[in-house]
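There's a structure below that I have some questions on.
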Amino acid sequence: MAEPLTFWRERPEADTSRRDFLTRIGFTLAASALAGCSRGPVQQAIPFLNKPEEITPGVASWYATTCGGCSSACALLAKTRDGRPIKIEGNAESRLFGGGTCAAGQATVLSLYDPDRARGPVWRGNATTWEAIDKEIQPRLTAAAERRVVLLSGTITSPSTRALIAEWSSRFPHFSHIVYDAVSFSGLREATRRVFGVAAVPHFRFDEANTIVGLDADFLGTWLSPVEFTRQYAGRRRRALDQDRVRHHHFEAGVSLTGSNADRRILMPPSAHGATALALLRQIAARAGVAIDGLALDATVDNNAIAVAADDLWRDRGHSLVVSGSNEPSVQVIVHAINGVLGNVGTTVDLDAPSLQKQGDDAAVAALVDDMERGDVHALLVYGANPVYDYREASRFVRAMESVALTVSFADRVDETAAHCHAVCPDHHFLEAWGDAEPVAGSFSLAQPTIAPLFDTRAVQDSLLVWLGRAPGFYGYIRETWRRDRFPRQTRYQSFDEFWDHSLHDGVFETRPAPVAPSRSPERLALPTDAWRAAASEIERGSRDAANRSSTEYELHLYETVALGDGRHANNPWLQELPDPVSKITWGNFVAVSAAAAGRLGVESGDVLRVSSGDRVVELPAFVQPGQSSDTVSIARGYGRERAGRVGTGVGANAVRFAAARVVTLAKTGRQQALAATQTHHSVEGRPIVRTLTRDQLRQHDAAVEAPLATLYPPREGGQHHWAMAVDLNACTGCSACVTACQAENNVPVVGADEVRRGREMHWIRVDRYYGGTDAQLTTAVQPMMCQHCENAPCETVCPVLATVHSSDGINQQVYNRCVGTRYCENNCPYKVRRFNWFQYAGNERFDYTLTDPLERMVLNPDVVVRARGVMEKCSLCVQRIQTEKLAARREDRPLADGRIQTACGQSCPADAIVFGDLNDPNSRVAKLRAGRRHYTVLEELGTRPNVGYLMRVVDDEREQTPHTETRL
Amino acid sequence: MRRDVVVGRFHQEPMVIDAVHAVRSCGLRIADVYSPYPIHRLDEAMAIARSRLPLVALAGGVGGLIAALALELYTSVIDWPLNVGGKPDASLLAFIPIAFELTILGAGLATAAGLLIRSRLAPFGAAPVVDRSATDDTFAVVVHCRDSAIDRRLVEQLLLNYGAMSVESRGLPR
Amino acid sequence: MVSWQLAAATAALTCAIAAAVLARELSRVGVHQGYAPAQPIAFSHKLHAGDFRVPCLYCHFGARTSRHAGIPPANVCMNCHGLLQKQTTDLELLKELIDQQRPVAWIKVHNLPDFVYFNHSQHVTAHVECQACHGHVERMTRVEQQAPLTMGWCIDCHRQRRTDFTVPAANLDCGKCHY
Amino acid sequence: MIAWSAPAADRHAEPPSRRRTRWIDGDPTLRDITDDVMRPLTSRPGAAWWAAFAVAASALAIGAASVTYEVTTGIGTWGLNKTVGWAFDITNFVFWVGIGHAGTLISAILLLLRQQWRTAISRSAEAMTIFAVMCAAMFPLIHMGRPWLAFWVLPYPNSRGPLWVNFRSPLLWDVFAINTYLTISLVFWYVGMIPDFATLRDRAQSPLRRFAYSMLSLGWDGSARTWSRYETASTLLAGLATPLVISVHTIVSMDFATSVLPGWHATIFPPYFVAGAVFSGFAMVLTLLIIVRRVMRLERYITLRHLDAMAKIMLLTGSIVGLAYATEFYNAWYGHNVYERAVFLNRVTGPYAWGFWIMVGCNACAPQLLWIRRLRRNVPILFALSIAVNVGMWFERFIIIVTSLHRSFLPSTWTMYRPSMIEVGTLIGSFGLFFTCFLLFVRLLPMIAMWEVKALAGHRDEATR
C-alpha cells in the first residue's frame, strides 16, 4: 500500500503480535543504542525481516490521532520513529484546537510506555488469557442480562463507542450506561436543561468575547477544554492589539492559571459564588432596565468590583461572556440568565453545537450507588473512571461494589477501582487503538494506532463486541458508523473509501450539526423566568447558611492542577515534575493558605498541617499563597493515589475525600516537609525583566524602536541563516505545555522531588512567574525563559575547552561530549538557563523515571543524545528540527519557507506565543515581530544581544499586571 | 702523587679575604676558595668575572613569550577560528595573561638550567674537594703551586700568618 | 665529567621516546581502523557491488532518505535470490532464517560514538561518494573499516569542501553533528 | 712587597647599617647553626610531632574518601544547584592560592629588598607555598564534572581536528598561571636548598642518606665561582618570581572580574585579591612558624623581631583589604546599578550576612590591634590573630562567590546554597594534605636556609671583631 497513513488498514492490529513488533523496531533498538546508551564493543544491526513500505529506519512518520488524555479529545499528530511513537503534537488541521496541546497531552506518549500498565487480563487477581476471561465473563453477563447491567464510564466522546453502547441497551433490556465525571459539569447540564430545555454543556466562544467574567472557572488551565479556550483567549487578545480593548474579570478564592491572567482578579470565597453571580445579574438587569424583584443586595460580596465587571459586560453586551465553575444548577441558571440578558446566547454561548466533553450525571451516579447497595446491580463495567479513588464517598462505593455479582474494570492498570473488581480487562493506550471523537457537536476526529499493542491488552470496544457475541474489530465498526453517519453529511468525496482515507489523513472532519436544542428565543431569556426566581431563592438560602462558620474553620476550595488533572496522569514522571503554572511546586499537593491565615495559624510554607473535616483527615504541607482568599484554603485533587504505579503512588494526599465538606479545620503538626518548588522568590524586585506597555503607548509610538546597543567588537560575518525567536508575553498564559513538549523532544531527564528541592530540575525551558500587588489585588506576570542564544554570550567566553561556541547561524551551541563540567558557563549566564548533569541520570536505578527502564527509554528521541554525568546542557533551539527541515528543503531542492521550522515549545503552544524563524529573511514572522514596538530583549543593558526576544504584554492600566512595585511577596 | 696546591683552612670570613688578597699580591694564583656561604667581596678579591646568566634568562623569557603568542595566534586565528562570544579571533587582550606566564616560565627555567649547566651541577656530580667541613664551617683557600720555583713552605707560612687553622700541600682536586 | 652528561642524555632520550609512543597510542584510543568482523552470513560486497555492479543504494536504500543507510531487509535479498537458481550454504541459512521469521543479526562495521549525529542522506544529497568514507567496499570480500572515522578526519573533508567550490559547501559548526 | 702579618681589624669595619638589627639571638658559631638546623633531621621525632602527624594524616584520609565518593558519584554529592555552580570548591581554591603567596613574596620580594630577616623563615615559607599551591591545584581538578577529561584544558595536537582550547577563558589562564607558579616556586625552592643538601651530604652518617643527599646536592662544592653565579641566579629568580606572584592572583581574581555577575564584575579585584593573598599568606606563615619555632626549638633564629616584622606586613595588607571592602560598597552605591546594589545590600543584610560580618571582623578590624607594638610581640595574641585572619580570608572568598551567585539578575532563579558533608570533608582533606606535607618537610629537609643564616652570622663575626 503506497498510502502511508493507512498502512494499518491491511493489517488490523489483532494480527500484529508483540514479536512482530519487536522485529519491526529491531533495528531501532540498535539505533537507539546510538541515541541513548553508551557504546558497546560489538554493535549488532538487526534489519527488518520484511520491511513495511512506510517505515524507513531513521525517518519519522506522522499519524493523525485523537488525544485520550482527558475528555477534551484534542486532535493530535503522533510522531513515530522506527515504529515507536516518540512525540505528540497538535493537529493544525483542527478548527477547534489548532496545533497546540496542553502539558498533559504532550505527556501521554510517555504513559504509553508506562511499565506499570497491566500486561494482560486479570481474573480475580490472577493473570489470565482473553479466551479464559471471556469464558468467565460472558455467561455471567448473559445470566445478569435479565437483571441489571451497568456500564459506568467517564465521558465518552467517541460517537462509535456510544453507538456500540446503544447496541448494548438494545441487547440487554436492563442495561444502563451511567456517565461519571470526577470533576462534574452536571450542574451546568442541569441548568441548561432548566433554562433551555436541553441537558447540554454549551460550547463557549472566548474568541468572540470582548469582556470575560469568570467565576472560579479555570478555563485556561483545567476547565472543560483548556487548549481550545487558550487558543481562543490568546487569539482574541492578539486581535485586540490593534482593536479595542479586551477585559477579563476573574472572581476566585485560590490563584488559578486563569485568575493569574485576568486583568482584574477579585477574591471570592466559594460560599459567595452564588451570591456574586446573583449580584452580577442584579447589576446587569438594572442596566438592561429589566425589572426584577426579590434579588436583595448582598453585603458579603465585593459589589464595587462586580459593578466594574457589570459595566464592561454591558458595554460589550452581545460580545461578552460569563462562565462559572460551579456545579450548582442554581448558580449556572443565574449565569445563563446573565448571558441571556446580555444577549450572548448564540454568539459566545453556542448551543447549536454544544460541547460533548462533559456528560457526567451526578444524580444517576448517586442513584447507582444506592442501587448497588440494595443489590439491584448484577454486573458493573467500569470504563475510563476510577470512582474508588475520586468518588466523594469512595468507601461507600467500595462497600456497594461488594454486593455486585460481576465487576469488570477496563482500566489500563490495576488502579484503585480495578483492585476491587473481579475482572480487569485492560484497554489499549489510545496510541495503540482505533477510535474517533466528537468533542463538540459536528467536529469529529479519528484516532489510529501508531504502534502495535505493547502488552496483551484489548480495546474496550472489542471486549464489548465480544461479549455481545459479535466478532471483535472495532476498526470495522468505526468505518461502518462513519459510512452511516458521517459520509452522508459531506459532498466533497464521492466514494466512502476516498472520504475515509482523507479523514484519516487529516484526522479531523468538521461539519455544522443539526441543531440539538429546541428553538428558543434569547428575548424570552432576557426576562425573569421561574427558573431564575427558583435559582435565586435557592442561592439566597444557601449563602445564608454558608455565612455561619466558626472562626477556626476554613472554607475549602478543591481544584485540579494543570499537570495531573483529576489524577489519571499521576504515574507520569513528566507531569509530576512539571512545575505548577502558578505555585511552581512539583511532586505533590499542598494546603494553600493566605498570609493572614498563616499568621493566625503560626505556620510558614513547608509546615505540615493536619486538615480535618469530621472523621476525614489528611496531612499536607502548607504553602503561603499570595492572593489567596483569607478564610479559604485551596487543595489540589488528583494526588494521593494509592495504586497509580511506582512514580505516582503516595505522592501528596487525596483531597477528594473532602469533596463533600464545605469547611475544614487546620492544625499544626509541628513536622516539616520542604516543598519541591522550582521558584522560591516571587517578586521581580522592580527590575525591568517582564515589561508591559499600555495600549496608548502602543498606539502613540508604534514606529519607534530603540537602536541596538553599541559594541566594541567588529561584527562577525554570519551564515546563511540567523535563527531567532520571539516570545509574545501578551499571548503567553503560562500554561507550561512548552515545558513538557521540550522535555519530550530533547530527552530531558526527570530528577525527582529531592533533587528539585535542591534546585536541580533539568527543564530546558521554564516559565518564570512573578507576583506583585497585594493579596486583594494580586498582579502576576509570566515569562517563558530558555537559553537566549546571545550573540555575545558570556557563557562562551569562559569555557576553557570550547564546549560552548556560537554557530554561524546564531545558535549558542553546547557540545556535551566536549564539556568537562567546570560550570563556569552556568555561573556566568545572566539568565541561569543552563542545566548541569549532577548525577548519571540515564540508566541509574536511583533516577528510575524516564531514562532507565528499557520500556520507557523507547520514548527517547533518537535524534538527540542522552547526556552523561558531569556535562552542562541547555536549550539548543531544537537544532535537530532545524537540521531536519533544512535537509528536507535541500533534498527537495526548494527554499526553506518561513514557519516550516518550529521548535518543540513553539509548536506545542496553544496560544501561539512562541515564534521561531530566520532574521536574514526580512519577511519572516520573527523578523517583523523583532522590528515592532513591543519587542525587547531581557537584560539588554548587559550587551549580550540575545537572539531570543520578548514582546511586551499590553495592558490597559499600568497598575494592572505589572508587578514592578516592591512587594512583601 | 704530585703535590701542586697548598690548601689553607680558615674559620672566619675576613681572614679569607685578607689571605686571598695577600696570596694574589704575591703573584700566586688562587685555584679556588670553598666556603659554606657566599662571600661577596671575594668576587673582586679573586677577580671573578660577572656571570652572563641574565642574558640566558632574557633569552628564555623572549623564547617563552614568542612560543605563547605563536600558540595562541596559530590555534585561534589560523588553524581553527571559532566564534566565541562574538569576540574577534585575535583577542590579543585576552592572550596577554598566558603570554606573560609563559615568559616568566621560560626565563625561570632558562636561569635554573643555565646555573646547573654552567656550574656542572648534576646528579652523580663530582664529590667535594678539600674536606667535608667546607660545607659546614670551614673556608678553604686553595693556592696553585705547580710551578716548582714556588716554595710551598713559604706559601703555607703566609696562609698561617693570615690566620689559617691548618695548611697542607696536596694534589689538585678533580 | 662524562658520566653525568651521558646519564642525563640517555634519560632525556628515553623520556622523549616514551612520550612519543604514549602519545601515539593515546591518539588511537577508540579508533577502529581496519575493523573487519566476520558476519553471520559471509556476504561478499566484492561479488555484488564489484563484479555484478549492484548499486550501493539498491540495497542500502535508506541512505537516500534517512539518517541510517540501513542493512537491507531479507526481502531485498530475495528480490534477486528468489529468482536465481544458484544455491550456497549462506543462502540456505538465509532462507532458513526467513522461514523461522528470524532476522539476520549482522555485525555493524562502521560505528560512531553516540554523541555524534551522522546523517547518510545529507551526504548523499551533497553528492559525497560512498567510497569517500567507506573505502572501496566493492573490492572487499569482507567489509573493513578503512577510514579512521575520527573527528579530525571528518573535519578535514568538511574544510576541504569549504574551499572547493565545485561541491556543495560543508558546515563546520559544532552543532552540525553534536546535539 | 708582601705583608707578612695579618692586617688590623678596623680595615674591616662594617657599614653601620648592617649592625642595626640582629636577626639571631645569642652568637652561635657556624657549626652551631648547622647542628641546630639539622637537629630535627637527625633526632627521632617527638610525641608532639607524631600527634600532629596523626591528626593531619587522618584529615587527609577524610579528604581522600570525600573526593573519591564525589568523583565516582557526581558533583551532585555537593550542595550546589542550578544557580550556585561554585561554592566550597572554588572558595578553597582561591583560599589556598592566596596562602601560597607569602612564600614567594618573602623569599623573592624581601630578597630584592635586601630584608635580612627573611633568611630564617624563607625556606619554610617557600615550602608552605608549594604545599598550598598543591592543595589549590587540586580543586579546579575535582570541581570538574568529568575530572578524568581534565587534560582537555591543555592545548595539545589531537585527532579532533585538532580542536584546541579557549585562550579567552580565565579558567585557562588559571591553568597556565598555577602551573607556572608551581614550577617556578619549586625551582626557586630547590635551587635554594642545593648548598644545604651539600652540607647534609657531608654530615650524613648513614650511606643511604649520604647517597640521597648527594643526589640532591648535585655535587655542590661551595666553590667561590659557583657561589658568585649562584647568587646571580637567585637574584634573577627572585626578580622573576615577584611579578609572577602578583600576576597569579591577578589572574585568579579575573575568574571573577571578567564575568558579568554583579559582585564579581569589578575592576578593583586584582589589587584587592593580591593584597588579600599576601595577607592570608603571612597569616598562615605566622601560624606555622609560631608552632614550629616552639616545637623545633628554633626561637634563636625565628625571633620575636621576625614575628613583629610579619605582623607589620599583616597590618598593612589587612588595611588594604579593608579599604577594598569599603571601595566596593562605595562603587555599588555610587554606580546606581540596581543589580550591583542589590548584591551588596544582600551581602550585608541577606541570608549570608553572618559570613560577611565574620569576614569584616577578622580581616578588616582584628588586624588593627597590631598598631600596638606590645601586641605585635605577644606570641599568643599573634597566634590568635593569624588564625582569625585565616578564617576571615576563607569567608571572604565564600562571600564573594556565593552571595554573588545565589541572587543575581533574575529573581526567579534565586536560591540558597548549603554545603554537604562531602564538601566539608574535602575542605578538611585539603588541610590534611597541607599539614601532612609540611610535617614531613620539617623532618626531611632543612627548614632554615643554613647558608643564608651562616652568611648573616659570618657578617656578624666580621662586624664584631
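We call the chains A, B, C and D, going by the order they appear; numbering starts again at 1 in every chain.
Quick note on the criterion: a contact is a pair of C-beta atoms (placed from the backbone, for glycine too) under 8 Å apart; a residue touches a chain by one contact, two chains touch by 3 or more.
Bear in mind that the values here come from a model prediction, so they are computed numbers and not experimental data.
Common neighbours of chain C and chain D under the contact definition above: A, B. More inter-chain C-beta contacts link the pair A-D than the other of A-D and B-C. Each chain gets one centre point, the mean of its Cα atoms, and the points for chain B and chain C are 61 Å apart.
Chain A and chain C, compared by their mean Cα positions, are separated by 46 Å. Chain B and chain D have Cα centroids lying 28 Å from one another. Looking at chain C, residues 4 sit in touch with two or more other chains.
Among all residues of chain A, those that touch two or more other chains are 794, 797, 802, 805, 807-808, 818. For chain B, the set of residues that touch two or more other chains comprises 84-85, 87, 120, 122-125.
Taken as a contact graph, with one node per protein chain and an edge wherever two chains touch, the assembly is complete, since every chain touches every other chain. On the chain A side of its complex with chain B, the touching residues are 711, 713-714, 716, 790-797, 802, 805-808, 945. Considering their complex, residues 19, 23, 26-27, 30-31, 33-39, 42-51, 56-59, 719, 805, 807-809, 811, 813, 815-818, 863-866, 876, 879-880, 883, 887, 890-891 of chain A touch chain C.
Those residues of chain C whose C-beta lies close enough to touch chain A in the complex are 37, 61-62, 65-68, 70-76, 97-98, 101-108, 111-117, 119, 121-122, 125, 171-176, 178-179. Partner chain C is touched in their complex by these residues of chain B: 120, 122-125. Every residue of chain D that touches chain B in the complex is listed here, in rising order: 2-7, 12, 29-31, 34, 155, 161-168, 172-173, 176-177, 180, 183-184, 187-188, 191, 194-195, 198-199, 201-203, 214-215, 217-233, 236-237, 240-241, 243-244, 247, 251, 254, 450-452, 454-455, 458-459, 461-462, 465.
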